[in-house]
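The chains carry the letters A, B, C and D, assigned in the order they are written, with residues numbered from 1 in each.
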């Protein structure tokens, strides 16, 4: 949706120094910092199938090998395979490339639930190798425990030895170490001849995508429907104080949020209210901005244009504003104060229109960027500290804590 | 772990009924020891309860099991139950190749997801593997390290979050042994610090390739998309100073060769049926449907006699003699016309592995020569052990006929130099899965990943990283030795 | 960028009592089966095939020029039914969009010239980029950015899409002002 | 050579069936020789210019354009033309022949020489002039069949670069959808009947 409101033009600076658009930023109410998706860690709070949107718990997902049993993708063009019925028998059919399970010589089935996929033919062998490696691990770890054990037991060894307890522990430890029947190594075999390998290979070329979707099927076997991989639903957590910033509601298909601290509701949202006219060198051009306060507390803010390197020089001096919160019902002074009338274009309930004069120099024409610094104070309702903490550490979250946001507007 | 401590742990496990079942018999005691190690001490949550039932069901089914075999967990139901308990938080195995990336869960026998090493960033631009892994060679990496770290971060986050919850799982990255130090440090920083995984461990891909075959000595030849690295592994030890690598034997060069042959012999068949050479517009269509990549995946490798015939065919000027062809001409319909792929492309593209003259701009020798030089560098007693145990890994080595041709070429060089290394040339392969070289080193890492204690001991956690320690690496041995 | 003020002349537009503004040069058929929740803008050349099945459109939707809402054909056990189309609130459909979908949930933004296949479902807060072709019976989870032919999920939408869409759509509707007597409401 | 022979035999067979059809439906023909079968439903907003013959059981949604000024268009039975479909005959005098039980989806443009039967022409699909589509084909959305290109039976054209694929599953014939449309459409649209035909002739 940021496309329609063209949020791409205005970038805010996150606490980790990266420049992101406002909708992509979060605000941690505990450490009072702006967080972007790079400096917040993400976790999966639910595993669901993107097609039939049914959730599965982690162990159940692992048993299903993280693939949904009822939704299939077309092996040919990785598109939706929809089920079709013919005399009470189901077969899968792809609308896009009209591949169907009949091409894969699969006869129609009654239940549309679990279509066959190619099993790993070397499962038993690899399971034996796993078991063998586990036994090797137990052997390898045994002496280490012993060494660790002796260190502790040494101090009490004289007492224990008196009653021959140590030999009994040694005997038990020996029983624990399984005897070793080494697994026969998988012996190397003759190289297969070329004819063997390419007999009855279909002359329709198989692309790399089709191969990696089902690596187990060989080139002379037919492609089978591919099961849709499950997806994880993401929960965002601030990396400093490990508090959740954004958590979606129960149920996978909801778009509501149980916990949501978007930066939009804590930082004044600045947008250009009218497109900037054509920039000519030396002439002052007018930039019309609209500042909206979407937070739940009235803000006193000062906007000071910065003229650092590579940014357009703005001739306005810092602008003082105080914006009522969007929720407060008393309609603030509708009129425009006389003394700032040249800067303030319009004033709505929680929105103010500003006009900044900008004088582009030669170097700015290629990438005209206006740099603004925003310092604002809130009425203490931002922080979620317990009331007692607020009293103990006023400077932590109190009224006089000055928040600042640094932003760049691309005027091209 | 004195027995007193174990008894305490059993009582803490759950209601009295459980301890009564477990305590009275020694091997059951050992079994509960293994089981209690994995379950944390806190309350038995609902899904572990379900897992406990499945474990008991599995054990009941194998109740007539003798002491020793209880450890050689052969029945898959039991191993499934075991693996589903102890890998409540199983490791994530990632192998970031220069073309494909394999991701999956430890203990599983094939990767859960094989995707291309590229992604589209938020303004729709396709970020390819060269940019993601640009830190591999600092000379070509023009931008700052942070920029490449961001790309790597986005790519790894996209992989992890699509499949598994990485934050409380150990991560094993299968690396090629010659990954540059910067890329390794960047990857460690991204995985441990930015994605916050529990721990990180690097595994060399060549040793991993030997695990599924459970062999001690093998000549591992990893032919990837960007380079080919051959390393002998004797008695489980990687013989580092006898390694050989070649940049001209890889997927990228194969695609260059396919493109050359298509420019030379490729044709376009118009609707009317007449054929003309390829023009600019056709090349644009070819790039759209990635035809060159599809062709380079469906090549075949001929044996010596046929390749000689093809050489004469190409050398013959003017009218070409007819030649017996294994895979015929292929018509790829695209955009109204169809592109004719002659059989010379399918059959002779792989010759660049065996004939240096075809790669003008590289000094590397051909594949069989490299292997032969590698074996002759080895010490005398090991030479006999190498050629009977060749192991091909990497996506490019799935070309049909490559092993047979390699065997013939090696034996040809053997006679020429009168050395007797290669009387017997055999290959480690899973003949049922033709594509197994594509993910054989991933499977090895996954088998290793299912061993809980070894991973914990060897991997690097966040606080160790904070103290400046780097992930364990084979270069440490050399540094220590000096 | 705030949305510009768009003037329209009253003669070409019809205003219904629930605040919908419908351009007279539309090609809407079967108006009895079309239910619009109110404050929706339907520009000229829009086709809504209410004659085949009922079409429910939420409030504060915007259907730009020449887009086409058609019910989709579903064949359940031998009996074909034209199942009705349900479009949620605050949905923005750009020009030349062909919507054969079964259901488009709230806060969705369909790019220009996008073709939605027969019976596909787009969940909330998703965005379909211009020139995408969504294949039939496709289902896309919430917050997904959909692009390409055949359509794939290539990214995620910002998490606060719901607030953005409500704000944008209300602003779009408020700035859609008849020509004479245009009061200055930026 | 046999393509030419095949084409001529098709034209003769269609001409013969048109003659029989015209005798049966003589009341509907008029000077512009637009003749529509009685059971065909054509909405009034459809624009039909030039010599067009539509046989039994077809359904033509509103705003469909039949432009037969350059050459005649002969349409078979049980076809569905969804709205904004454009059927234009660009060849000089050559007849355009459309078989039966085809579906021309929304905004599909067809100026092919010959369209067989049981085809599905996708949304925004474009059949360039002079191409011929045989039976059981399906042209994907936004796909193109190039001029003078002949498609073998049961070919699917899909994807952004019109890749071809021979399929084994036939298209579903739209018989059920046709009955539904024939029942529904008359109650919502004025039908294109004789009065409109004569009006169009002036």
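Points to keep in mind about this one:
The working rule: contacts are C-beta pairs under 8 Å (C-beta built on N, C-alpha and C of every residue); 3 or more make two chains touch, one makes a residue touch a chain.
Labels paired with UniProt names: A = Dynactin subunit 4; B = Actin-related protein 10; C = Dynactin subunit 5; D = Dynactin subunit 6.
No experiment lies behind these values; they were computed from the predicted model shown.
C-beta contact counts were set side by side for A-D and C-D; C-D has more.
Distance between Cα centroids is largest for the pairing of subunit C (Dynactin subunit 5) with B. Centroid to centroid, with C-alpha atoms defining each point, subunit B (Actin-related protein 10) and subunit C (Dynactin subunit 5) lie 47 Å apart. Put simply, the C-alpha centre of subunit C (Dynactin subunit 5) and that of subunit D (Dynactin subunit 6) have 31 angstrom between them. Rounded to whole angstrom, the centroid-to-centroid distance between subunit A (Dynactin subunit 4) and subunit C (Dynactin subunit 5), based on C-alpha atoms, equals 28 Å.
Annotation for subunit B (Actin-related protein 10): no residues touch 2 or more other chains.
Among all residues of subunit A (Dynactin subunit 4), those that touch two or more other chains are 77, 96, 231, 234. Annotation for subunit D (Dynactin subunit 6): residues 140, 159-160, 163, 172 touch two or more other chains.
Listing the residues of subunit D (Dynactin subunit 6) that touch subunit A (Dynactin subunit 4) in their complex gives 138, 140, 156, 158-159, 163, 165, 167-169, 172. Listing the residues of subunit A (Dynactin subunit 4) that touch subunit B (Actin-related protein 10) in their complex gives 8, 38, 41-44, 57-59, 62-63, 65-66, 120-124, 126-135, 137-138, 140-141, 145, 149, 175-176, 178-179, 183, 185-186, 188-194, 197-198, 201, 203, 205-208, 211-213, 215-216, 218-219, 229, 231-232, 234, 239. Chain contact summary for the complex, subunit C (Dynactin subunit 5) toward subunit A (Dynactin subunit 4): residues 1-4, 75, 77-78, 92, 106-107, 109, 111, 117-118, 123-125, 127, 135-144, 150, 153, 156-165, 167-168, 172, 184, 186. Across the interface of their complex, subunit A (Dynactin subunit 4) is touched by residues 1, 26, 30, 47, 50-51, 68, 71-74, 76, 79-80, 84, 87-88, 90, 100, 105, 107-116, 123, 150, 153, 157, 161-165, 167, 194-196, 211-216, 290, 293-295, 297-298, 300-303, 326-328, 330, 332, 388-391, 400-401, 403-407, 425-435, 438-439, 443, 447-448, 450-451, 453-454 of subunit B (Actin-related protein 10). Those residues of subunit D (Dynactin subunit 6) lying in contact with subunit B (Actin-related protein 10) across their complex are 144-146, 148-150, 159-164.
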